[in-house]
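Next up: some structures, all given as structure tokens.
The following pair of complexes shares a single chain, subunit A, combined with subunit B in the former and subunit C in the latter.
Then we have the complex of A and B:
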């Protein structure tokens, strides 16, 4: 027995797609690394360790409804199932309880979600520096917070975590906002379109007001960020009219999210450079179908759209998969899809506004100093890469072969986007021309013993 | 664009040939469809070994080994070469018999670089090897180098002598008009009086355009590498009758190979891995080195490599055209031979002959009459 569809990732897109597929009678398996469904955005939403998870906002608490619907559906869900290989032949390899297993599936749906855009400022690898998203993970899953932390960067997620901290009564040392001032002007033409999603606009504005009225120091238009400290972070230095310093042992960085593309890359799917969002994303059609027809991608993993839109995208992708499985006619698919297509169309201008307003500044995407680390795993610095480039390694993979940048356990997740853009800069060519690392499974470190126990006989669905 | 010699393929053979030719004053263009060392030359295990070589290759391989010892100085580059013992482990008496038979042949031919070791010496050299291993053969002048870096070293040295490297342009068409070879890519034309085919897994297609048919096949040998481990082994390790190849680099990572093959998708310029076979390779590695049980695999990959039916390369003038030469089909052991093959090809191009007996490597060795 095999599955009609295996979904990798139980976030908003994966859960929504699973419900749709299971309701139509398809055999669905959802594999997810976390102990409970929800993805990053709804992490622990159904079992929050916080006494009052309301402080995290109504969007978060609403996630528990989706999780409940998903868990009540006929979709099979394996939690703590760590997927380490997805093959275009329909083989999915994962490890659960230390035992590697195989499933086979007609259709593959990847819902890998987003990751935070790397921010290679001087000192970004010092202990004490984390991403704002990591701060949120600690808060959601363990109810842990860092007192008197500095939040630096820009984008909705950064402001959200600051607002959540403030609501919980946690002291915040400063919000260092790097949104370039000109972005407020350049994003103005997109405001009317964004107002079609006025509840989201108001929610965002409300959050900004909440932060402004809290009295915490807010530095707007900050630039030239540098984390202070030798062996650990002691503070943040930056320019904001004049040179500023805020001292703290916790620095949380964030300047937007990008699709998590390691699995889609390893699968060899086509990817495109999204100039508006300044990131790579897998190439899909309006139904989430990739360059390999039986592989689809939905949610932020296919281009940043946010949790609400991800649910629509998940359902649309599921409808198309049902059509591909012969369970829906094209006409039935289109009829059932009209509402979600409309939702996505309505949300798109709001996303375009956010992309414009919080578009990352180049000097935060690319390291500016010769000794700034680019590859954390192999400790490769800007100067090492420049030297490799000058030795003739003009391709990301050649540069990787020569300098070892990207060869570490994170599989280039952190340095990959930086290397693409650095080479684009040096070659004076667009990222699309430069390309990206060729990635391979495993998606995570795998013990030799774990691999040795792998057997090619697939796990049947009925077990 | 014109040159004396056009080399098709920027792997180690092409780059080494370019270096030796350019150093002799020839003008050289290397045409590479991807970037240099993209396939077998850049992603192989880096083995630089004499141990276990086919006897037909021995003179070339020995000469190459002497070059490797001095290569960094000759090229004024860092190839990452490290001299290390290479050991072939015997697990039983059958393996020992195999090694003894080879030893006898080698001695008769006057080769003395391989010597047999007993169980005690094996344990001494490899303290972590499984207790059941009974002995082996060792070659002390062998070692390893860093594949991409070594190939790039040849490129950089060749460039200093004026060789030009064209990356990202695939050969679409090659023909000889009178004394001139004309090579066309998608948007450029190159002309040269001599062409050298170093196109690796694509070399049969180039050979065909030169006029030579050759029974070349291609495959995708797989490798895996661990995250860094405390140093536990110095030598490079193989096994007589098992698919095992194993070495720990200076940075602590351990490379595990052994010849298990994935899927070669030449048309799409890529490979896929066969995880069941990799699982068996992992099992073999643990059997020989139980200490590896908990090691973490960081990456797994495969490269596209060209094979001849007899696992010997083609190093040869073209059979059916003048001023055309071949160096390909190294069958997963060509990296070590790169330095000398470049020299041999340069000699063939410039003088029409070589110091080495190349009869085993003729391109037309599979042409025969059928009844």
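Then we have the complex of A and C:
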């Protein structure tokens, strides 16, 4: 049996698309590795292990409505299904419960969401250093918190987790804010446009006030971050007027999110460099259609737009897929799409403001010390890469084969963005010119033992 | 220190983390179970053998690779505990056996 559409990712984008497709009668299968639908923002929103999930904010609790609508729809959903290969021929391979399985589909919709932008500061590989998103995930899925932690970096998600910790009564050692002071000025011209999304502006300002009035130490305009410690993190050193030190065994880093593109890369889809958001993203048209017509991408995985916009993008992409499947005429598609197109247009100025205000600073994107690790898996440092570059490895793939940077289990998810930008800096050319690693399936390490359990999918018809 | 704000202790299971017996709520991630037991080292770094620990908690950094019931390269942040599970810090370095990668043809 062949599905009309297989969707990878049950976040706001994937769920919204699935509802639209299923309501129109298409056979849809949604695969997500999480135990429950929701994605990053609504992770465990429908089954929170916290007694007081209200502390996570109204955005979070509102998620259970979308999850319920999705679960009530006719879309099939497989949870704890980890997708590790998506082929242009419509073959999707995933592992569920230790057993690799395969499904076949006409249309593929990737909604894999975002990941955090790597932040290669000295000491970022020490145990105790995690990302702010990790703090979010641990809180939502396991109600686990780290007492007296340092939060360092910039951007809404960093402030959100600090505010959530404070509301839950978890002590925070410090917020070390790296947003350059000049950004408050350079982003001013974008404020009027952003005010069209005034509820979001006020929510953000409210969160900042909450943190300021909590009395936790807040260091603004911090730079030159270095994690202290030999075998594990013991604190953070940074410049803020003078040299500062805050001690803690937990340091959470964050400076924005970037699309998670390993599947779209392995599929060989075209990608472009988004200079405003300082990241790579898959190339799509206004309907989320990629360079391969039957493969679409929606939500943060196609370019960072946020959770509300991700829902609109998911629906729009679904409408176009319905047109491609012959279930909607172009005119019907366009008519049904007008509202979501308008929503996206209205939100764009707010996103542009956030991008400007919290745009990543170069000194956090690029390692500043010769011995700072770039490739966490293969332990390659800035000096090793510079040496490779000087030996003639001028693009990411050449540098990879010469230095092994990017050859470890994470398949370049962490070092890839850094390497593109380092080479761009050294070559004095834009990232678009430099390119990115060539990737191949599978998306993660597979053991022969796992493969030996390979089965065609037994449920839902014969293969 | 990590701590848990979990409301009602769900059904618990018993697992071992590096031979230490640990009780954990059913469905909790392997990583949270390790962290709450104070066992933060998930794997050893490939060259230096230095301790590494979970970094992203969402499946993208592969720092949390552990051995589960004898099978290496399991992402502790994505896997969930089951009764009787044996979890071990992964010690695969350059000098030991390399993991196998492959795709069915």
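Criterion: the second predicted complex is superposed on the first by the 451 of 463 C-alpha atoms of A that agree within 3 Å, B and C clash if a C-alpha of one lies under 4 Å from a C-alpha of the other, contacts with A are read in each partner's own complex, and residues count from 1 in each chain.
To be clear about the criterion, a residue touches a chain if its C-beta (ideal position, glycine included) is under 8 Å from a C-beta of that chain, and two chains touch if they have at least 3 such contacts.
Keep in mind that what you see is a predicted model, and the values were worked out from it rather than measured.
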{"item": "Touching partner for A:268 - first (subunit B), second (subunit C), both, neither", "value": "first"}
{"item": "Residue contacts with subunit A in the superposition, subunit B compared against subunit C", "value": "C"}
{"item": "First (subunit B), second (subunit C), both or neither touched by A:128", "value": "second"}
{"item": "Subunit B versus subunit C as contact partner of A:138, first or second or both or neither", "value": "second"}
{"item": "First (subunit B), second (subunit C), both or neither touched by A:413", "value": "second"}
{"item": "Partner chain in contact with A:71 - subunit B first, subunit C second, else both or neither", "value": "neither"}
{"item": "Partner chain(s) touched by A:376 [first = subunit B, second = subunit C, both, neither]", "value": "second"}
{"item": "Touching partner for A:51 - first (subunit B), second (subunit C), both, neither", "value": "second"}
{"item": "Contacts of A:398 with subunit B and subunit C, given as first, second, both or neither", "value": "first"}
{"item": "Which of subunit B and subunit C A:425 touches, first, second, both or neither", "value": "neither"}
{"item": "Subunit B/subunit C common contact set on subunit A", "value": "85, 93, 408-409, 441-442, 445-449, 451, 454"}
{"item": "Subunit B residues touching subunit A - in the complex, by the definition given at the top", "value": "34-38, 42-43, 147-149, 152, 155-156, 165, 167, 226-227, 256, 270, 272-273, 275-276, 278-280, 282-283, 285-286, 292-301"}
{"item": "Of subunit A, residues touching subunit C in the complex", "value": "33, 35, 40, 49-52, 80, 82, 85, 93, 100, 115-116, 125, 127-131, 133-135, 137-139, 141-147, 168, 170, 231-232, 249, 260, 376-379, 408-410, 413-414, 441-442, 444-451, 454"}
{"item": "Subunit A to subunit B touching residues, read off their complex", "value": "85, 87-88, 91, 93, 268, 391-395, 397-398, 401-402, 407-409, 411, 440-442, 445-449, 451-456"}
{"item": "Contacting residues of subunit C [partner subunit A, same complex]", "value": "1-8, 10, 25, 27-29, 31-32, 35-36, 40-41, 45-48, 50-63, 65, 71-73, 75, 77-78, 80, 99-104"}
